[in-house]
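Chains here go by letter, A, B and C, matching the order in which they are written, and residues are numbered from 1 within each.
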Amino acid sequence: MLRLENITKRFGALTANENITLELAEGEVLALLGENGAGKTTLMNILFGHYRADEGRVTAFGKELPPGKARAAIDAGIGMVHQHFALASNLTVLENIVAGAEPRWGLGSDRAAALAKLRGLSARFGLAVAPDALVADLSLGERQRVEILKPLYRNARILILDEPTAVLTPAEAETLFSTLRLMAAEGLSLIFISHKLHEVMRSADRVLVLRGGRLVAERQASATSVDELAELMVGRRVTRPVRTRQTAGDVVLQARGVGLIRGGRALVADADFEIRAGETLGIIGVAGNGQSSLVDLACGMQATTTGQLALFGARVETVSPRAFVRAGIGRVPEDRHAQGMVGEMALWENAVLERLHEPRFSRAGFVRRKAAKAFTEDVIARFDVRGGNPTTRTRLLSGGNMQKMILGRNLLTSPKILIAAQPTRGLDEGAVAAVHEQILRARANGMAILLVSEDLDEVLGLADRVQAMVKGRLSPSVATEHLDARRLGRMMAGVWDDAA
Amino acid sequence: MRYEQRTNIPPILLFVAPLGAVAVALLLSGILVAIAGAPVLEAYRGILIGAFGSRLSITETLTRATPLILTGLTAATAFRARLWNIGGEGQFYLGALTVAGLGSSAGLHLPASVLIPSLMLAGAVAGMALLLLPLALRLRFGVDEVVTTLLLNFVVLLFVSMMIEGPLRDPMAFGWPQSVHVVPNATLPKLVQGTRLHIGLAVALLMSLVVWVIQNRSTFGLEARAAGLNPQAAAFAGVSLPGILVRVACLSGGLAGLAGAIEVLGLKGYVTTDLSPGFGYAGIVVAMLARLNPFGVVVAALFVAAMFVGVDGMSRALHVPSFLADVTVSLSLLTMLVALLLVSYRIRR
Amino acid sequence: MTAALDIMANASLWAAVLRIATPLLFGTLGALLCERVGVLNLGIEGIMTFGAMIGWLTVYQGGNLWLGLLAAALGGAAFGLLHAVMTVSLGLSQHVTGLGITLFASSLTYYIYRLVIPVSGSPPTISPFQPLSIPVLSKIPFLGEAVFSQTAPTYLAILLALALSYGLARTPLGLAIRLVGENPHAAEAQGIDPIALRIAVIAFGSALMGLGGAFLTTSAFNSFFPTMIQGRGWVCVALVVFASWRPGRALGGALLFAFCDAYQLRLQHVIGKVVPYQLFLMVPYLISILALLFVARRAQVPQALMQPYRRGER
């Protein structure tokens, strides 16, 4: 049904896709597996006409697609479910779905027909949505249903799903997989992009593994294993550093009944947690359940609306990033590009920005540039930051090196507490291992660590205790020894009566 | 077509960009000269001679560049922190009016060394105050400052008109609406005797140095830059955005007010509603041509000043409307934007 | 006090309201369309200036009044295209480009005007649009004189506001425009080309701005003089916010604004002796700022406003 032949795509010096050929049969679920940056999304963007390939061609149903035209791909029956939903939140569900489907110069639109068609699709694939609701008011799961309905409405026969489970609870993901099965049974062909091995094994017929822009392996799902796929994906045996037992010290950070209300919505509600020195507390949860707000509270970005936060046994009085940093809190924000670093500034400037007003980095309002650069050199050397010197513009660093820089600028000042929010999101396996090692070392040095993550393996690997976050609430904490993926999944769905 | 950001911009390109932009703008204006039926090469020569041909014309160009340096710094400092201060024109006038008001009556017996700096400061404060108002509206109510600063320009000009036809009216001006003269003690000394060039130029140059030091050596400068480039990351690092913006506004508005003050004290001695031929707006062009660099502002201001002074002389001789200068200057802003893009990106198919 | 109220009872006030509202309405609709596809067009002040001049000049050179309007629309579209290429295709700063267009368009306007009319004296005049009385309706007492005895472009502007209001809300093209302004990535994913649509809409919106300028010289007055736009373009930009980006409300906003302006003009005659006239002239600008103040927090800004779109980038 679909054929990509010898696709090559370069961005400057980087080759994102190199000579990739793949075929898709009717009713087949094909998984495209690879690490972040392996070229999966680029390949699908070429297929869908967002990008124009440097070489190669795409044929669907026997006809070659003109490159670089999303419209042509849609008309040929190809649909894409984007990882970052391509939805307009101020428009209604129906508007999002029918936009672009009707004749451009029409003087009106046939709402009744559109509604009927949408209702039919909803019923057929079990994708219930409220057509007149604003997308802004929908949950992430509902938004994804809208996102899937969009190509179906355009009669897509081939569906590309880019990391579709990123925002779903394990239970929601299960529902999604059965929907996908249903679609395949109806003769739709699916390409499913993921870096999660278990999902791929569960849902796909056939798996293609991409690494460094090349197609490195093809396996039938029935004839491979998670371990084999992991090795193929990373290119070597995967070893993440492991946590060793150690006794925790005094409680250094404590939250009692903490809540954050913004715009009438409780983003965090009645949250209790405590962290001891030399201990890691993991907060697990599906994206969008209030973790960002919890991190904001712990980083001094927001003052609590209710409850109280105590540092080293004393109630927190002044809430500001600077006060928290001064009190000994190291902070790794969840989005390194948006919050962690100013891409257009030099490394040294980013290294000291948080601590600019400390005497070691400034005097009488003037920056001590020598000291700042020396500090940056130190971070670079000790945390193995590659690809830059203190005067390099920060955005030139890779994600992994940027993250090492952020960790380094905090850890080098020996904070007592480290807030690590999604510390390995979007990193390749090598960088993940490096970050994990730093976090474990910090714990071994007696630091208290709050690890907020959506990655089950990461939390199970690093944390001593785990709390799940669901709709702004925190579950009671459970020692990691008593946890497995199944129980964590239930906690993430909000079932924690039996947790304690 | 796609653009790829260059990882490293060769420094030479950063100098070539404004030169290329100006060259293209001049070439395009050549078409307008031709349309006017004047010999194009002759016109270019005329502009050059008009701006730099004699000692007098050079001092005229420098005199004209003085307020442009300051309004250029006004835009450059604000834009760098993403504060869209388009109100330079209004701040200029309010600074000028303040100086004319205070300098004509009060402090009659103060020595020049005290009077002049205090009047300059007063003008700067007036400019600051005028920018702090729209900034307050932005911080408090989320009102975009672009439109408010633009609209305030008109309000201030009407206010100036009201004052010079009312309380500050010069009764000796034969009904012509202009303000009273500042006292002789408040007049800026000349830099070159027998010309109009005054020490305001030195003040403007000093200011560009001060701005450079603030931007490149002070903690405030670093924080302001971070806030401009990535407000979210700056906030995460503990930079108080409102605090930064207030200080940036003081600097930016203050420079425009100072420009107005200096123009009154150094040149005219009084205020009219045509004191500025659009210095505030031209300052935006100057700032962009300079890529917001305070030293670059000096060079860019010289170019803009030379255009105005040069075209002025040429237009009478060749019967080309003197608006040619405005066209060339505004065109160079557009070509500069494109040039900057070409410099920082590679275009690929 | 009664004098202040008497003004309102005079039908000529209400006729003036519509007349003053027309250029603002054209300009506001134009700016609104640009912003609805996600692009702030600060070129408006210059585009209106150019439209005013070129519309007048076309008629002055012997063209028909409608040809004058067409010239203004085409001129506006040309500057709009320049703005669109720079901000949409090249992704340059919308603020700075827009200001650049304003400076360029107005200086070019003055240059051309001076070239054609070299002498500065009282500006030459043309015979402008005459009021077009709508049959029957214009006979209604008071209302007929106030509303149904306008010039043709005024009716055009009002019809345009209603048409755009319907078009944006109810037609596929309107939905495409809204989607591009809210999320161009979503539009692209639906097969709508955000870049092409943005360019086309900006050109169209700028044509409307040109018409707004031309109304001043071919209908409200009969001559062109520099600085005649006097910040009307910026007022329009403020009105877009006041109208919450809706054409219907833009009509209301323009009328409200024009009422204040017309009223202050007449009030000036009544109490002008004691209050400096400049205070009255400040009123429009101050109202614009106040309008922004009242709605800024509540307004539904198009989510992609001022975000350049590059294909395949997030």
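The working rule: a contact is a pair of C-beta atoms (placed from the backbone, for glycine too) under 8 Å apart; a residue touches a chain by one contact, two chains touch by 3 or more.
Remember, it's a predicted structure, so these values are computed and weren't measured experimentally.
Looking at contact counts per chain pair, the maximum sits at B-C. Of all chains, the one whose mean C-alpha position sits at the greatest distance from that of chain C is A.
If you average the CA atoms of chain A and of chain B, the two centres end up 46 Å from each other. Between the Cα centres of chain A and chain C there is a gap of 45 Å. Mean C-alpha position of chain B lies 29 Å from that of chain C. Shown for chain B are the residues that touch two or more other chains, of which there are none.
Shown for chain C are the residues that touch two or more other chains, namely 311-312. Taken together, the chain A residues at the contact with chain C in this complex read 45, 48, 50-51, 70-71, 74-75, 80, 82, 84, 86-91, 95-96, 98-109, 150, 154.
On chain B, the positions that touch chain A within their shared complex are 4, 7, 217-220, 222-223, 225-226, 229-230, 232-239, 346.
Chain contact summary for the complex, chain C toward chain B: residues 42, 82, 86, 89-93, 95-97, 99-101, 103-104, 106-108, 110-111, 114-115, 118, 230-231, 234-235, 237-238, 241, 276, 278-279, 281-282, 285-286, 288-289, 292-293, 296-297, 310-312.
Residue ranges on chain C touching chain A, taken from their complex, read 170-173, 175-176, 178-179, 182-183, 185-193, 300, 302-303, 311-312, 314.
Listing the residues of chain B that touch chain C in their complex gives 1-3, 32, 35-36, 79, 84, 86, 137, 141-144, 146-148, 150-155, 158-159, 161-162, 165-166, 281, 284-285, 288, 319, 321, 323-324, 326-327, 329-331, 333-334, 337-338, 341.
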